[in-house]
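Same chain, two partners: chain A is paired with chain B first, then with chain C.
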Partner chain A sequence: MSGDGIIREPMLEIYLFEATQLMEQLEEISIECEKNKKIGTEAINEIFRIMHTIKSSSAMMMFNNISVLAHSLEDLFYFIRESKAINIDFEKLFDLVLLGIDFIKGEVSKIENDCNADGLSEPLVLKSSNLLQDMKKANGVIIKDDCQEKKEDTKYYISAYEKLGSEIKQKYFARIFYEDGCEMENVRAYTVVHNLKEIVSEMYHIPEDIIESDDSVEAIRRDGFLIGFSTSTSKEKIEEQLNGIIFLRELELQQVEEYPLEFKALKAKIQIILENPITEETIYKETPDKLDTNKEEVGNIIKSGKQQSIISVNISKLDMLLDLVGEIVISEAMVTKNPDLEGLTLENFNKASRQLRKLTNELQDVVMSIRMVPVSTTFHKMNRIVRDMSKKLNKEVELVIIGEDTEVDKNIIDHISDPLMHLVRNSLDHGLEDKEERIASSKPPMGKITLEAKNAGGDVFIIVSDDGRGLDRGKIYEKAKFQGLVTKPEGELTDKEIFSCILLPGFSTNESVTEFSGRGVGMDVVKKNIDSIGGAISIESVVGRGSTISIKIPLTLAIIDGLEVAVGTSKYTIPITSIRESFKPKENDVIADSEGNEMIMIRGEAYAIHRLHRIFNIDTEVISSNNGIMVMVEDNTKAACLFVDSLIGEQQVVVKALPTYIKKAKGIAGCTILGDGNISLIIDVNGILDR
Partner chain B sequence: MAEIIDETIETSEDTQKGKFLTFSVGKEAYGIEIKFVTEIIGIQEITEVPELPDYVKGIINLRGKIIPVIDVRLRFRKEPKQYNDRTCIVVINIKETTVGLIVDNVAEVINIDDSNIVPPPQIKAGFHNRYVRGIGKVGNEVKLLLDCDKLLNDDELDKIAEIV
Partner chain C sequence: MKKVLITDDAVFMRFSLKTMLERNGFEIVGEAENGSIAVQKYKILKPDIVTLDITMPVMDGLEALKHIKAIDKNAKVIMISAMGQEGIVREAIISGATGFIVKPFNEETIVKVFKKL
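Presenting the complex of A and B:
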């Protein structure tokens, strides 16, 4: 039944997409409800809907373990909804729900990676049914025999067997013994029943009531699990399936004419119960608005899937679109700046080409904005982390999110999710003090972590700040010195420089490694990720008050404004965002120090000079300082001057990555194709300044 | 299902199998399987990229795509020669990597049967023997058949050798 994997691809895609989305929604609602300590009607209905959808789509895609888990969670919430339960242990309930979400997420990612979704949901199902028992007892409800679950009509991916009534069906009788000590025989039996359901047309089993009642475990241990069923599948296939049961000790499978006597009694009983489902269903349909207990005001349920008209598009199509728009920009430049038109006065042509330029710019902006996604989803994921960690560390923490509507490129979102997680964990683990300390230093007992996103010029700022104990400058300096990472005395280093030591790999002031941190790896991951998207990190902190970590990320990755410069016969592009100024130096301004490094004094400050023709070994006639141009560039921390032959002009260029075959040279960020078809290398300012 | 796809690929490969593009570098004639060759273009302006081995001449713009070019002469440690109008760039594509090879001139595409291919002699002296995976006999002449993988990927060993 799984051989038609290729045909199922689009369906599987949709299933995975839907499952991931629903899990995220569910997680949000759960955390919200847990925080408010109440479950509104809307929340219950939403959770119920999600569970139900997951259950049926998982069953349809033959992921029974997920389906069974979803079913049992659904039961839980059904009970809450129907019986207007008052005494709900929210922690336990949502702990379970979150564990369930984690399990399903795990299975989904296994499927995504083409592995088998073979996780066992039985322990969770058991936990869930136990919790249901407890809740029922706590709310004084008589435990009914909800037999109707067995008769639920799970939708089949392949047409239901009921229609094949004309086929010859054989009756079988099976007795299953489980290994001693395997535990949870009743849940295992339920799985067997569930799996068999798809291929049989009628089934009876003893003990009947396997999920609810604990006595059934004893009964199964004693007499084995008895099943009687009728099916047209061959005996060998049935035997194969039953033999595949884990922890199976003994299997007895017989083909019979009539079911043994015990089942006859069952048959009669079930007939009667079948009548009732109709009444059960009417309760389903009534939306109980009269539920008044813990469902007073419906809290704000954050719906992350905004109900706008949204269409999901394959990312590769978007990438193609973006590439094409990039090419159009280049071609437009090739047409309007064509050397053939040199020197001609073409009024109308110029007007028309300006119009074309305007339109292409607009097209570019719109296409770039398609790939922009609001950061809210990533920020909300942090909620879960804050909740889990604050529990484990026993600190009260509040997460404040500002500016979640800020949009960033999809590429960037993928890269900031991990760093954010590390930063938040660090704040919680190192930054925030525990309650007593906070009260002692007259701070509010509840710690606050703020996640802020804002647009500023051509960049996006993401700021993580906490009101904890701040960074200890002295301690960091000590550790850095100890590890040999700094050479200058403490007085000479600015706060920023010392704090940026924590970004170095392997650096940590923790004496010991805890579950969450201490290896010195987290900040390194942050730095690497942020570097890969061309961003910058800066850290500020006040001892006793808190720390703030700001991440600056350029908005556009592919198209940048660059300044064309010539060095010899080659042309280079310097990104405008890195340029401070450019000027023609005077011979006397250039000074050399004892090692031969050149410097220039500008307005009282000395800047190092990097001669591009020397760095790249280019032949050029412009050697002496006053024949060329100095371009002052800066990266995160320092500034220097680049010496080039001449400036050509400002141009918007499309960044193309260097072919992977060419090992990256330090100082070259990529290349671009100019209007006349030539290639210009884009200078990576960080790389040059690090030499 | 996967087996059927594999088979179809093989049958289409058969039509390309045994065909080699021959070109000359210096006095030797080399051959390369045409399944790797994407196109052949005339020599054009090459943009230098710093800090590359000397046989990687730089990059070129091929209809919007940036590809690196290797001078086969320099790769095989021969004397470099001026590029003239007969010099061509053979664009090859191996395992997702597209590279251009600068050769003196391109001859033709010929069929060489497996029976006419012998493995290269194990002479250590010849530096570029490791790039030659076989020797093909065509009429009276002999063509050295190149192993493209080695040509592109032996860089590491070269770099180390150069440093040493």
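Presenting the complex of A and C:
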């Protein structure tokens, strides 16, 4: 939406929001129906309603190209619904619907980016009406016209309410003109007739046929609606009633001795049908409080769009709110941990500040939960990609989604959509074999891609796995060596390390560049995207069985649990989620190799040592190993030890991005303000370990 | 200020109508996204005027109209219809709808209609 801070007119904002949501719903339903090769009544109704809504709102917003397209698709489904057509070419139908969805999404995107929605929908509209013609032929059904209903016998009638003689009746002539553009003048005329019925003993009108004929609309616009009637009601009352007509532009009402000439011709054709004074109507009982809704497989897809008690909030407001809460957390710490208070015994103050702490924590939790959205929308977007690609590549693929209710910060969702798409495309393009190959390897002919989301500690895991041909360790190593991306001999590298080579820029084992992937610019962009939100990717694979790519992302970017450490006079924060353990090393445990790289042996394994004071060029007196502390940290592929002066303590920390005038420093993820007012730099473990 | 209950399954339509009405001195006391909710809210809120979209899930506008008229035969109900729904609108008139507006509408249209109610 207006992520760049542009505040749009609310009506446009809501239009865009709803249009996007409806297109997503429509896409889901379409793909589902196409897959099952059937459309249930629920689905037809839902699709019809969506098209109907888009048609109306787009017209209101003057996006006529969208409105016309929606209208033509609405007509298609109207036909399917009314004729209960069974001879339907599902592929053709939903190909068209999906093209329509793409068009509308495209226009919406243009509008969102402040461009003109200037796309031409005529080609699709034409396709749609051609398809409708074909469907009609294929089903040989005559559509019930919406206007067709049981004929009203009383075009002209004599009321059975002839009051026995007492009041004197007068003849009147009325001509009614409606406002331009009010539409459906024939039905408006019908309304007048219907309402006059109660009080007249006879009535004639021109045009005569206001029910079946569409020409009557033109006639009424041109000459007005003429009525001749006889009643005992006073002229004032008649005038009052007629003046109350909605969209009335002009009323001519006269008392007459005889109806004008035009009506004489009608009278000659008169058929006298006595109107039944007691009109049959279904007696409507009090509405039952619970209504029986018949939801089929479409039900759970509709659910996401039709919830009550939900308001939509502008994302920028949420960002501001979270910022403010972050500031409050910092300020709270600055007050309660203020150096001025050091050494003082303040029982009441402490009690109060504990309460304050409790409340700010709660506030923080609530605000963060507001920003959490389930990954389901993003996951479901992949359905479309799987559908399109499996058709193009002629591979049968099933997409399995697990854990779609898992929630992630809204900021993060926006960043995982593209990487996910790329990973899914990769699986489809390179990972999964075609049917013959699969059958030859005794695999089920239908390939499977699994998208899973789950919570673990302070992180969310998004896992993309397929049961395709897997990664070839040897081939990858060869290519990496050829590109100069690895120096160590193959035997020294773990599977994970070799597989992670495919994330390096310029790497691609694809001989041919396909439409979807293979230029070697994909995976490294994925890694960059994931890195930018503080996440990590790890790859597992078994040749011939499939591959699994796990993305670990933090629950939120904004507030993390950190371990404060001191290096010289500087303070650093290490994210707790990256820490395995910390300990005081013994001098003898530290060994150096010929190049001066230091290592430490822990339980039989060697870990590299990264001295923070050297990395960041800090003056400190803590040089020898046994004076400082080792903090063992890990990223997605390996673990190492950071050497620091001392540990200060655990602290919840609000992450602030480094100001833009400071160039990105490798190894620093951001900064924060501590309770005592000092600044602490937040360590980016990935960055340090990559050195 | 006359009190209005707006019914339409599209958020956008409800918002548009609400904006136009509020700008012209009407109070929106409630919104409903289908006919069933409209009937329930009608009972509670007792608005002066009700607007009903015709095409809605769960319960459409025509049925909701009949229920509302059964609760109060003098209820003022405006149907919001689309072109091509002549038959349904006629039935609505027979069932006691006060009038109807055809989509798409603008503020001028709304004012013309509502000031007469």
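Here is the rule we use: the second predicted complex is superposed on the first by the 502 of 691 C-alpha atoms of A that agree within 3 Å, B and C clash if a C-alpha of one lies under 4 Å from a C-alpha of the other, contacts with A are read in each partner's own complex, and residues count from 1 in each chain.
Please note the rule applied: a residue touches a chain if its C-beta (ideal position, glycine included) is under 8 Å from a C-beta of that chain, and two chains touch if they have at least 3 such contacts.
Note that the structure is predicted; figures quoted are calculated from it, not measured.
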Partner chain in contact with A:244 - chain B first, chain C second, else both or neither: second
More chain A residues in contact [chain B versus chain C]: C
Contacts of A:202 with chain B and chain C, given as first, second, both or neither: neither
Chain B versus chain C as contact partner of A:186, first or second or both or neither: second
Partner chain(s) touched by A:45 [first = chain B, second = chain C, both, neither]: second
Which of chain B and chain C A:59 touches, first, second, both or neither: second
Which superposed partner A:658 touches (first chain B, second chain C, both, neither): first
First, second, both or neither for A:18, with chain B first and chain C second: second
Touching partner for A:678 - first (chain B), second (chain C), both, neither: first
Where chain A meets both chain C and chain B, residue numbers: none
Of chain A, residues touching chain C in the complex: 10-11, 14-15, 17-19, 45-46, 48-49, 52-53, 55-57, 59-60, 146-149, 179, 181-184, 186-187, 190-191, 194, 211, 244, 246-247, 281-287, 289, 291, 293, 302, 306, 308
In the complex, chain A residues that touch chain B: 6, 327, 330, 570, 615-618, 656, 658-663, 665-668, 671, 673, 677-681
Residues of chain C touching chain A in the complex: 9-13, 15-16, 19, 33, 36, 39-40, 55-59, 66-67, 69-71, 81-91, 93-95, 98-100, 102-106, 109, 112-113, 116
Residues of chain B defined as touching chain A within the complex: 1, 45, 47-52, 56, 59-61, 64, 66-68, 97-99, 152
